[in-house]
């Protein structure tokens, strides 16, 4: 059964106002920027964004007024510094106040692992002595019933939807992703639904030829979107590289609220879709980010 | 730094009497029979065997008098029925009494996951109402500090050594495994050390060309053994098929304690190593188990 | 009148098991006969069913060849996902699995199964292989179907050891012990099919296989087996069902 | 007398950070300068060091090219393992990581770090990006090295919010709160290197960078900084160190 649809249709159907969304789960790579921009264009509001670090995608959604709550370990701009929109929202309530539930990378991973395993919580020793639990009311402290040692209990997170950018998928949502994956598997298994955004749509046989590389079960996938370049400016291993300068330009452009409005108008609101975005980026600019060399994985034989 | 050594050297160094060993972690495939047979030849005693189901390997070690304790979900002969040695040990103390700590497949996986994550335990809803906790003193019951619902707490398992049969490894223990993997990753991460037994030893570049397919970090690997056919009679995807008849012959031959002694003498004690074992099996017999066709995974590009 | 088809008890059980699979359901498939039942259902009334195999596989097509075990190499061919077992157990615990199949050595009036110990666990008269994934499937799937031989010594009033929980002691028991859902919906035996009373959780004879009677089944049962008001003869396997079963088990390894 | 080498403060800090890595150690490598420190150490005194990167990578060689982020595609090339982040965090929690590197916006007398909030978290004067993996590395690695700018407003008597725990309130604090091990061993700043008293957990000035003095460092520190009896000038980067640093950061993105 084909789940192919346009990005706008996928967001319209499966990302309502008020939804909780886990994105950016591979950390600095495979960030679903195209999906995030479509969410902004469709004026979603009161979203809860869940993720480990978010390399400017969360900052953009916050700056566009889509976000009510952040459940994450880090929000900013990895190679350029702070996220200006995140700061304005937290410090001045611009464009609107933000609720932040602090996590570390480990606790956000544990929370999603617990969600995927269907357990109520995971115990851990991390963050003992940290103040993060003071700004995350979901955590509890407890002594281990075994050794009696102190532990932090991290409750399960079950996002409404995981949006995952991958290298390739078939039309039913059987997908391959490789390179840095971070907490993508935990996110897919913990979420009620998964939206797959793929660089390429390939025949079923391509995916089934290597079932160990499949990210998550396709029966959890609700939409499969073909969006080449959809992760720009983040990198996609084997497809294109990171556009470092774009992150710096974003950092400079969004220093003021007015600058942010202009940036959003130019790169998001005033753009129909990812194809138009790439046109705006410019052929040469995009070409410069393409692969300089191929590096193929050694063959693997599933024969019998 | 090369960790290559013979199987006898690896067992002599890293599997002392009294050790706890996790094996057979891929379930019916990739079972490290060659390693198990070497353990029998070296007369190890008082071992604790840890695993999910064990398709006759545990039964063989029990019948050889190597085992003091079983921590597993199932011990028998998947396609032929019960494990006669397991029965004799539990029912009559022949060749010696056995301590059994019962698990389900899920709880053994959770126990090893907890070990690998470095947490004291994992909560779960499985086995509530089952009598397994009556025959596994390590479990505890507790109400979840979140919803108050009843949970079973499964404490972490940290075996002394994991013995993993894989398709290919380099000499430092960077290894690729594919097909059914069951709880192999959890076992490798939970164990103090890992012994890799590989069908092929390949150059480092082959493994590093596909880092997503690597099973576990090589810094945990203490020995890399080249033992082609080392998983027979279990299957190795892409290398050879399951020798179903061998399991049935084992079932028939070990029906009596005397028959078991003869079986061990013929296939284990009286055999120097895996090469001699395969000779004994016979060229034709072994040929008949080889691949009938190759099925290669679709290419994956790690370039940039 | 059509000439009567020849079939084995195992073939009838596979056909009956396959009928328990509804189209589109996610099924945790145990070893042996359920492997054939999944293949049969996929070929007939449940083309969209999905099979989970605890070795770590997800399939939406039957394996291309006969399987002695779920870990046989042909079961990986065209699998949708080959992953860590714990991911599938996690989906089971989340409540994503509609139906689970397991076998049993001993079952009781409330559908509790024993595959661990006959007699005192400290020195059992018979040591059975244990749970494997059965106790997990019985604990966490929405519906459970058991497949086993029907003998008086196997269908007992009360199992001495509960490996895989059914309805325990009856009404409300699963909720009391903390199980989130589920319980047995059918026990398919060599003589008939037991269902379970929705309220009391007690087994009731739903149907007796051709050649059996209500009395012959009751006589082979270790307690005073209740009978469903609409008890009937189990529909025998159709020619189409037999043709498919025999395609997946050509040598009759599991079904002869 | 050799002519004095030209180098930037960041180059000195990278060289000093690299010297904290011992051969054969397993190092949790943070972003920015530590990426260069790992490459430098691998090329000099720690050829057998192993690097863990929280995006999910394990390496025993430096990446072939300059990295803006640990997730840049060149960092996957020749990685030993590309896995789920949680597996690396699990190894960290097990106690398998010898040394962790993190950065800080604000550090206090006992090595506690704040990268979350300046002012009241409900309406902060400055919202910093947060922990990322820093709090985990500070909680669970055997040794912690912090790299940051040395300003009076950044080195404060007591941080208002502990993102990444150091020695808390001093002696015995980590054990009291339940942390299994660890604590900061060095804070490498733009002016000098702080060590920590093994008993009290209080920072002590271990060395001041060339051009600085004990007094100039103390003057730029927000508390009455104690001085190690053997305080000395930080050895400047050698020509060999500079050559390697500049090979991995040719444009000086992190080090100019």
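Note that the chains take the letters A, B, C and D in the order they are written out, and that residue 1 is the start of every chain.
We adopt the following convention: a contact is a pair of C-beta atoms (placed from the backbone, for glycine too) under 8 Å apart; a residue touches a chain by one contact, two chains touch by 3 or more.
Just so you know, these numbers come straight off a predicted model, no measurement behind them.
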Any chain in contact with subunit A as well as subunit B: C, D
Which of B-D and A-D has more C-beta contact pairs: A-D
So, what's the distance in Å between the C-alpha centres of subunit D and subunit A? 28
Measuring centre to centre with CA averages, how many angstrom lie between subunit A and subunit C? 41
Centroid spacing, where centroids are CA-atom means, of subunit C and subunit D in whole angstrom: 58
What parts of subunit A, by residue number, touch at least two of the other chains? 110, 117-119, 124-125, 149, 151, 178-179, 181, 185, 212, 235, 237, 241, 295, 302-304
Pull out every residue in subunit D that's touching 2 or more other chains. 57, 72-73, 76-77, 82-83, 86, 89, 92-93, 140
Line, ring, star, complete or other: which describes how these chains touch one another? other
With touch defined as at the top, which chains are paired up in contact here? A-B, A-C, A-D, B-C, B-D
Note: in the complex, subunit C contacts subunit A through residues 26, 48, 50, 57-58, 72-74, 76-83, 86-87, 89-95, 140
Touching residues (chain side subunit A, partner subunit C) in the complex: 1, 116-119, 174, 185, 189, 208, 211-212, 214, 216-219, 302-304
Mind pulling up the subunit B residues that touch subunit A in the complex? 110, 117-125, 140, 142, 144-147, 149, 151, 153, 155, 176, 178-179, 181, 202, 206-207, 209-210, 212-213, 235, 237-239, 241, 291-304
Subunit D - residues contacting subunit A, complex: 31, 54-57, 68-73, 75-77, 82-86, 89, 92-93, 116-117, 121, 123-136, 138-140, 161-165, 168, 173-174, 177-180
Note: in the complex, subunit B contacts subunit C through residues 26-29, 52-53, 55, 72-76, 78-79, 82-83, 86-87, 90-91, 100, 102-107, 109-110, 113, 124-132, 134-135, 149-151, 178-186, 234-235, 237, 241-242, 244, 295
